[in-house]
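Structure first, then comments.
Chain lettering (A, B and C) follows the sequence in which the chains are written, and residue indices restart at 1 in each chain.
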Amino acid sequence: MPHVQVRDLSVWYGNAQVLKAVNVDIPDKQITCIIGPSGCGKTTLLKSLNRLLELTPAARVQGKVLVDGEDIYGNHVDVVSLRKKMGLLSQKPQPLPMSIYENVAFGPKVHGVRSRKELNGIVERYLREAGLYEEVKDRLHEPAAQLSVGQQQRLCLARGLAVEPEVILCDEPTAALDPVSAQAIERRFKELSRHYTILVVTHILRQAKRLADHVIFMYMGELVEAGPARQVFESPSHPQTQAYVRGDIS
Amino acid sequence: MRAVTVFLIALPCILAVALFLRSRPILERVPVLDLLTSDVWRPSRGEFGFLPFLMGSAWVTILAMAIATPLCLLTAIYVSEYASPAFTAVFRPVIDVLAGIPSIVYGLWGVLAIVPAVERIAPFVGRHLGFVPGLSTASFVTGDCVLSGAVVLAVMVAPVIIAVSVEVLGAVPRELREAALSVGATKWQTVKLVVLRKSFAGLVAAVILGFARALGETMAVLMVVGNVANVPGSIFEAAYPLPALIANNYGEMMSVPLYDSALLLAALVLLAVVILFNLGARAALKLVTVRFRR
Amino acid sequence: MRWRRIEERVFGVLMLLATAVVVGSLVWIAGVIVYRGAGALKLSMLVQLPRGGAYGREGGILNGIVGSVLLSLPATILAGMVALPACIILQDEHAGRNPFIRSARLSLDVLWGVPSIVYGAFGYILMVYMGLRASLLAGIVAITFVQLPIVARAIDEVMRTVPLELKEAAFATGATRFEVATRVVVRQSLPGILTGLLLGFGRGIGDAAALLFTAGYTDGIPASLTEPAASLPLTVFYLLGAPYPEARAKAYAAAFVLLAIVLVVSVVSRLATAKLRRSTVI
């Protein structure tokens, strides 16, 4: 069964409809890239998956999003544990105003982990998974704000992984990074996709071509086409997809 | 236009210098340290001890801040993080109006509403909690006391603290909140562990600004605080804050030698302390916003 | 886990309580003043001078009303005359980090924090220096000092919101710095400038501490700048402690009138800003 299923999802900001009846499946343990021109609703789709849209007062959501078969917008869903399942990596790295150690330990602590020994283990493990441990192991208790932007993004990745999500949502994760750091993050994604379902919103076509196992193409709030990467890039069925993939529209 | 601006820049200096020059007579007669630490205030005998007034200001202001700070921070957090847009739309004008109410009107409210209330509760508190230092009602006479002054003052500085705090909290980027929520933190955990941490310096600055405001408040406080030149020993005793000293005695200034000089020295001290607090707070605020701009 | 929920609940309740206390205070204050003041106010009070002895037990509070206006209005104009040119210089982007501008800003910050009693004391020093007695003029000067930082800050904030692009566009047509400042920035900020002046007026009319030393008090209306002037705040202050209930009633009435004026000014300035904003470019 696909990990996440979106059924007839529509989103309004005030009177403007930003997502129009989107229907799509997100496959398990693969990297799915959401591509499309700016303003097409990619980020809105992403944010509707961990119910962050609710923070915007004017946003209205209709439709269903099923994770492992359960509608996350249902009445009895615990938003907090849902968000634990869905990690988020933002475009601009958001280190919390604390030390490197505290950043990674934030999630587990918030969920009740108290033992120092356990936290130490968690911090080391996920810093390694994010590929950051070697660079920071001697300065774990320094403020996270002192890291370079690329390091901060990997820190945010580690922080998100530390709560053991099933899905990692990424909103243009390398847009603010230099090429070397961007590459490092992409390598991490490839590694991580063995164990996690990864969803990446990106406006960089080449990045999508490098990373994606699966592709979703959106245009003006509508889902135009979705399918395996090779199929969408090499033989897209929709003329719009064709035009975008060729670079005619952006 | 340049001339006007030069005048503006020079003004605080002119202010300080003028006050200093006029307080020189008393400074030449009595060493500053004695003036500040003596608690004997008998101008007709040439004894000018400022301690009761410094302590009076301290008691009233500190108590006012102790009351105001938790109230204002809690309110600011509610308005910034939890309240609906409809509520905020109503709340904003409320704060603006509170900020605009003249001091004398606060004073009148204090006289009519707060002082009688304090009079009623004081015996009760004295009986049950009188052993606590600062709460004794041994010298309690009327409701004109430190507590009344502090309550009125607290309401007066609330708009400043709340307005600045709400601004500081609002400057925390939305994405940071989202980042915390995305690992499954609850709203309150996000506020407590992330938002407050990030805006801490700004909130401290807001409180310091409030403190500076409170120190300079004159009319409202003097109407309810009793104006007795003793160092207060309890919140139910009367006090005599520094601004009240200046305001109440300008009439007798000219008749007693050195009296005017002493009062203007008081004004100078007040000016210096208030400026210090204000500049400190502004510097802290600038630090906070500069960090955000990155 | 349990503690988390409890903590969240407790703080939620505390926050609501705190907010209720703050809002409730305003309601309480307004309530007390309106109740006592409106009760004591007779329309005749608004147009009569006090009569009947030392505390003016009869008659009205016209001296206070007229005095307050005579003190605050010129002060507002004077404050504006100083603040506007200063702000025009301050908003000049091209000056940037220049120490002149920074010290001007610093000075404004300092002036904003000075308690009005200190301005009153300063006014007194000036009075003595110039050989003046307690008078309308001295009061106007003191109130001008009180209003100046407020008006300046309000105007400064408005002028800083004028977008750089607008100024650059004006420069591109060959306008000088002075022309851009006056014809574009000031024009654009006009509603904000008016609001700033209104704000200053509202602050000035309510101030008592600065007037204690400087304006004196009188039962009449000053006929010249060298005569003392009454004011609403001082009417309240002096009459509150009077031994006669009629005099005290006038104090409450004066407070009510003062509060009403301040509220009206506040509302008018808000409405004016909203209305004028629609007619500006951005």
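The rule we apply is simple: a residue touches a chain if its C-beta (ideal position, glycine included) is under 8 Å from a C-beta of that chain, and two chains touch if they have at least 3 such contacts.
Keep in mind it's a predicted model, so treat the numbers as computed, not measured.
Chain B has the Cα centre that lies closest to the mean of all protein Cα atoms in view.
Should one ask which of B-C and A-B has more C-beta pairs in contact, the pair is B-C.
Taking each chain's centre as the mean of its CA atoms, C is the chain most distant from chain A.
Centroids built from CA atoms put chain C at 52 Å from chain A. Centroid to centroid, with C-alpha atoms defining each point, chain B and chain C lie 19 Å apart. Measuring from the averaged C-alpha position of chain A to that of chain B gives a distance of 48 Å. Residue positions 4 of chain C are each in touch with at least two other chains. Among the residues of chain B, those touching two or more other chains are numbered 186, 189. Contact with two or more other chains is made by no residue of chain A.
Per the touch definition, chain B reaches chain A in the complex via residues 84-85, 173-186, 189, 193-194, 197-198. Residues 4, 7-8, 11-12, 14-19, 21-23, 25-26, 28-29, 32-33, 36, 82, 85-86, 88-90, 100, 103-104, 106-118, 121-122, 124-126, 152, 202-203, 205-209, 212-213, 233, 236-237, 240, 251-252, 255, 258-259, 262-263, 265-266, 270 of chain C are the ones that touch chain B when the two sit in their complex.
Listed in rising order, the residues of chain A touching chain B in the complex are 50, 52, 55, 57, 80-81, 83-84, 86-88, 90, 92, 94, 96-98, 106-107, 110-111, 156, 159-160, 162-163, 169. Interface residues of chain B facing chain C in the complex, by the touch rule stated above, are 1-2, 4-5, 7-12, 15, 18-19, 22, 70-72, 74-75, 77-79, 82-83, 91, 93-98, 100-109, 111-113, 155, 158, 162, 186-189, 192, 212-213, 215-219, 223, 243, 246-247, 250, 263-264, 267, 270-271, 274-275, 277-279, 282.
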